[in-house]
Amino acid sequence: ACGSDNEESKAEKKETNTVSIMLDWYPNAVHSYLYVAEEMGYFEEEGIDVDIQFPANPTDPLTLAASGKVTIGLYYQPDVIAARANEDIPVKSVAAIVREPLNRIVYRSDDPINSPKELEGRQVGYPGIPVNEAIVKTMVEHDDGDYEKVDMINVEFELGSSLISEQVDAVSGMYVNHEVPVLQSEGHEIDFINPVDYGVPDFYEIVAVTSDETWDAEQENIEAFWRAARKGYDFMVENEEEAVQILLDYQDEVNFPLEKEIETESLSILLPKMESEQGFGTQDRASWEETANWLKEYGVIKEIPDIDDIFVNIE
Amino acid sequence: MKNYLYSIILITVFLMIWEAGARFVHASFILPAPTEIAIKLWELKAELLLYHLPVTLAVIAIGLGISLVLGVILAISMNISETLEKAIYPILITSQTIPIIALAPIFVLWFGYSIWSKVIVTIIITFFPITVSTFDGFRSTSKELKELFQTLGASKRQLFFKLEVPSALPSFFSGLKVAVPMSVIGAAIGEWLGAQAGLGYFSRRMMTQFNGAGVFAPIVVLSLIGILLFITVVLLEKYILKWRRS
Amino acid sequence: MREQNQKLALQFKNVDFHYKNDAGGIPILKNMNLSVADGEFVSIIGASGSGKSTIFRLIVGLEEQTGGSIYLNEKRVTDRSGKVGYMPQQDLLMPWRTVQQNAALPLELHKESRLGRRAVPDLLEAFGLKGYEDKYPHELSGGMRQRVSFLRATLSGSNVLLLDEPFSALDAMTRLFMQEWLLEQWEEQQSTILFITHDISEALFLSDRIFVITDTPFTTLKEIEVPLERPRRQQDSDKKEVMKLKNNLLEQFRMRV
Amino acid sequence: MKNYLYSIILITVFLMIWEAGARFVHASFILPAPTEIAIKLWELKAELLLYHLPVTLAVIAIGLGISLVLGVILAISMNISETLEKAIYPILITSQTIPIIALAPIFVLWFGYSIWSKVIVTIIITFFPITVSTFDGFRSTSKELKELFQTLGASKRQLFFKLEVPSALPSFFSGLKVAVPMSVIGAAIGEWLGAQAGLGYFSRRMMTQFNGAGVFAPIVVLSLIGILLFITVVLLEKYILKWRRS
Amino acid sequence: MREQNQKLALQFKNVDFHYKNDAGGIPILKNMNLSVADGEFVSIIGASGSGKSTIFRLIVGLEEQTGGSIYLNEKRVTDRSGKVGYMPQQDLLMPWRTVQQNAALPLELHKESRLGRRAVPDLLEAFGLKGYEDKYPHELSGGMRQRVSFLRATLSGSNVLLLDEPFSALDAMTRLFMQEWLLEQWEEQQSTILFITHDISEALFLSDRIFVITDTPFTTLKEIEVPLERPRRQQDSDKKEVMKLKNNLLEQFRMRV
């Protein structure tokens, strides 16, 4: 049981049927379907109010979902497994949103890193999210390097600024569809390495996470939320341009300015990675197992947790 | 004004050097020039003042308000009960050497992104100076005057309101003058840790946007709040403690 | 010389007292007797720490005697707080109150005595404080502060006033003038005054009788009648008899210091 | 020890309630029990004390050291030159009402993820109390004693070392006692903003790993540092100002 | 009575002085003349603010006269700092120094006079401070602190000592004993003393001559010779002539307050 305070807030949520969702990062094309669903009234049709929140710290979507402070957090598949395996945190994924890694190791072109082994002795910035440590470790070791010699620095959200201001030599955690083109469009010469080329499996980049307790208490709401989100996704697939426009209309211009061109391009990269034959969001047991095995192999987790606890598919 | 002539000259020189340096370095996301900050402040005035400022002000007001109420109540209780004083005062003093603020990240887990995680940080940072100085104020009540009141047959209530409260006021205001700027800092730090609006939040967000002037602009506003609040307390103090005017 | 009736303003009967502290107690009074007639002016002198202030603390009820009884105006009073006017060493005015507010404190604490409040302006004038009613203590000279303090003691409404080294913080000249002023007030107010001082000349100039504390703990106090008529002026203290008395007393203390 | 009996009882009761509450809530990543924290502290002792502690201590030592040197130099300069005092003192006082700490994120851009960005935060938070109290100490030098020295034909140098320095010491130590716990807080906050080691960093990192006891354990160590440093200053003060012992 | 030679220890010749402040200047001395013989004990009395301390500040060089000249031991000295012993009102001991360290300050500041340092233990004994050498000021009584302060003034090595109301913070009894003690020391040290006080009896008891400041700014000081032989004891002040003098002076000040 998770304290009376929690139960109270949940009771409240039920009455108003509010679903709060914390994005994995500040809003960009990967979140278009949510804004579409909001704009087109799909959430309303399902009888729920959606409160979209942005994280103040990169790790908040998972921690706040786990502590019941938000209904759903968008996070990374390996971290869900690690939380479950290492600390027995009762969280589960309810949908796979992006089915392939978007994460890249990015470096400045004038200070190139030709292969992961060259990260030895270099400073690598990352947003404090543990999966990045696993990725860099896997890549360096796959390339016969020594991960112990890599200097991993938690830079919170300052991936771009720390790289550009040369405070770090490379960063892990930038997305190939968004941060990378944003930096490039501002005239910075950067390049990147794809983790999948160096032993990192094809994990789900973004999954929707909730806590076991929230799931038990608010399953109906979450399912309603997901039905609406699917409709948003379907609309987005059909009307790419309009979907981007809706995102841009919803943007918080001062805080999270978006470039139309970049977001359009970004969405076209994303769509194939979001598509699933069984329907948007459906998760394969195999992917979870593969990712868990990878984490175990590289010592991120000691035991593979019960896969059935970790995810649930919404019909 | 004349008294501050040298200070004004010094600040002007400092701003000019900064301006020149910033223009020379020419990397405004690292070092924006004062003029850039001023322009940004003007551009963002509506957003900063109408949207983010009220959020931060609410945190400061609620945090400071709770600190004041709890702090003064605790100080009075310690003044009344010696047992309470013996139990709590040493803890209060020791707690000041403890970086409780380092626990702030966990408040986000307890209170989410609601206003309360920020309010708690503000309370933690302002509670101590208010409580300790108010209590020290009560303790500073002259023993001789207390005895004088006793010899005049004053009731406990009269002793409290006519002697102890006035005696504690100067020290209470000193504490408040320390706490007020700290409340601004507390709100800003609280907003780093989890917020969706507020000046501290806005400043950090701007960093991610490579917007140096945008980082500084809300901090200018925060500073003005700090100074205004401080001046308010000083004026209030002058008014209430008018007998101290020479 | 003022008429003294035979009524007693204050009486100690077989009073015992000791301060309690960690290491047992410090005995100060032992089976002590003392009487002061109504309208009398009595000084107490004695070495530092001999127990002068302790006598006052007993009278005003800040300390409770461990034995014996204390009579005020011939009545045995157990709770003596608010019954006697007390003017402490130094002035002890409240810096946040004006002259008038400081002086009127006793009236404020006892709401019954409404009548008295109207008398305050007149008294302020009588005490030479007219025009200063709304000044704060730090705006006054030392002598004026003492007068406010004395007025406050007077307004406690008691006929017995206890003054504990009231002039010790004043400079020598001001002190002389305050002594004369005090005598004038005393004659006017018809009150009984007990006065503690370290200054033998002061005691001789002011008092009808002087109590000398020679030993601590004490049972009786050595009593000295001052052979002077009233009203007095400073030069009266130069009379032969008074001089002899003064030098006697001085010798006595010289040996003990 | 007897004096603190009530405090100890109160703390014990508090810990017991916490323990019970934590066991009841049973979500140790949100609210770890004191015993869990103690166990974690023991488990992590090597990592915390040998790896992270030295990093944080270095920040504290360097930051406090620079604050001390600069603060004392500035205080002395203001004491010597009235023009400097007039120019700088008002700025110092005003700067205290400004949440400069909110600028901390940008220091990372200036100084990188090296130790210096954390040192700067520590300096910013400790510089003011040290400078102002040292200067107030110099100002508190009795004018009469100064004149006495003059009438004895003392040189400026003698006046400084034999009169002004001893006069300023008590106030200097008061400032130091304020600054020392703040330096610990400064180091912890600095480490939030970007670090790869240090107790503040470790605590936050443990949060991302849902290790509640791990969040608290380094803060216990930080608190101990704060208390130890404070006690050191108090002992030093007692030794140097031994004349104040009654 | 002590032999006084005709040498002058101190002389003011046509000295002018005014304090400068925002609103022009406050004139204190106008074309003022004054001489004190070597070995003399002279008191200065006058109302508060009349300029007593200002005379001392001129002598020790804390203020510079605007006209005229000041002679020390019959030499015209421009930089007078370190040339006169000065014992300020209240004791002004440094709380962080022991008795010995406080007293020896003048020797420390002038490294030349090494010889003197050896004399300190003897002097400490002579001043009744034996056994207290390593105590801090707050551990001493008021009278002892004054003695340390006086010893410090003595050790400045000058034959001229200026004492500015040194006893005003002491209680009446202690004050009397300190006066006698001061006279003893003065006779022994063969120094010249200028003594400021508010207390007419004190001035009469101590001095050979009394300078009275009647008006500010002043040109000359009213001089009064005290008709008493030396050595003196307190009771000597009770002599007729002295009493008359005292009452005269008192009347004079009474009118002015």
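First chain written, first letter: the chains are A, B, C, D and E, and each begins at residue 1.
Simple rule for what comes next: contacts are C-beta pairs under 8 Å (C-beta built on N, C-alpha and C of every residue); 3 or more make two chains touch, one makes a residue touch a chain.
For reference, the UniProt names are B, D = ABC transporter permease; C, E = ABC transporter ATP-binding protein.
The shown structure was predicted, so the numbers you read here are calculated from the model rather than taken from an experiment.
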(message) Going by the touch criterion stated earlier, list every chain that contacts chain A and also contacts chain C.
(response) B
(request) Compute the centre of every chain as the mean of its C-alpha atoms, then state which one is farthest from the centre of chain E. (result) A
(message) Please identify the chain with the largest separation between its CA centroid and the CA centroid of chain C.
(response) A
(request) Using the touch rule from the top, work out which pair, A-D or D-E, shares more C-beta pairs. (result) A-D
(message) Need the CA-centroid distance for the pair chain D / chain E, whole Å please.
(response) 49
(request) Let me have the rounded angstrom distance from the C-alpha centre of chain A over to the C-alpha centre of chain B, please. (result) 38
(message) What's the distance between the Cα centroids of chain A and chain E, rounded to whole Å?
(response) 87
(message) Between chain B and chain E, what distance separates the C-alpha centroids? Give it in angstrom.
(response) 53
(request) Identify all positions of chain B at which a residue touches two or more other chains, and write them in rising order. (result) 29-30, 105, 109-110, 192, 204, 207
(message) By the touch rule stated above, which residues of chain A touch at least two different other chains?
(response) 63, 67, 158, 161, 165
(message) Applying that definition of touch, give me each pair of chains that meets it.
(response) A-B, A-D, B-C, B-D, C-E, D-E
(request) Could you pull out which chain B residues touch chain C in their complex? (result) 142, 144-145, 147-155, 158, 162-163, 166, 169, 241, 243-244, 246
(request) Enumerate the contact residues on chain E facing chain D in the complex. (result) 60-62, 81-84, 86, 88, 90, 92, 94-98, 105-106, 108-110, 136, 138, 156
(message) Help me check something: in the complex, which residues belonging to chain B touch chain A?
(response) 27, 29-30, 44, 47, 105, 108-113, 191-196, 201-202, 204-205, 207-210, 214
(request) Spell out the residues on chain D that touch chain B in their complex, using ranges where they run on. (result) 3-7, 9-11, 29-31, 83, 86-88, 90-91, 94, 96-99, 101-103, 105-106, 109-110, 180-181, 184-185, 188-189, 192, 199-200, 203-204, 207, 212, 215-216, 219, 222-223, 226-227, 229-230
(message) Which residues of chain A touch chain B once you look at their complex with the stated criterion?
(response) 5, 26, 53-54, 56-57, 60, 63-64, 67, 69-70, 157-158, 160-161, 164-165, 186, 254-257
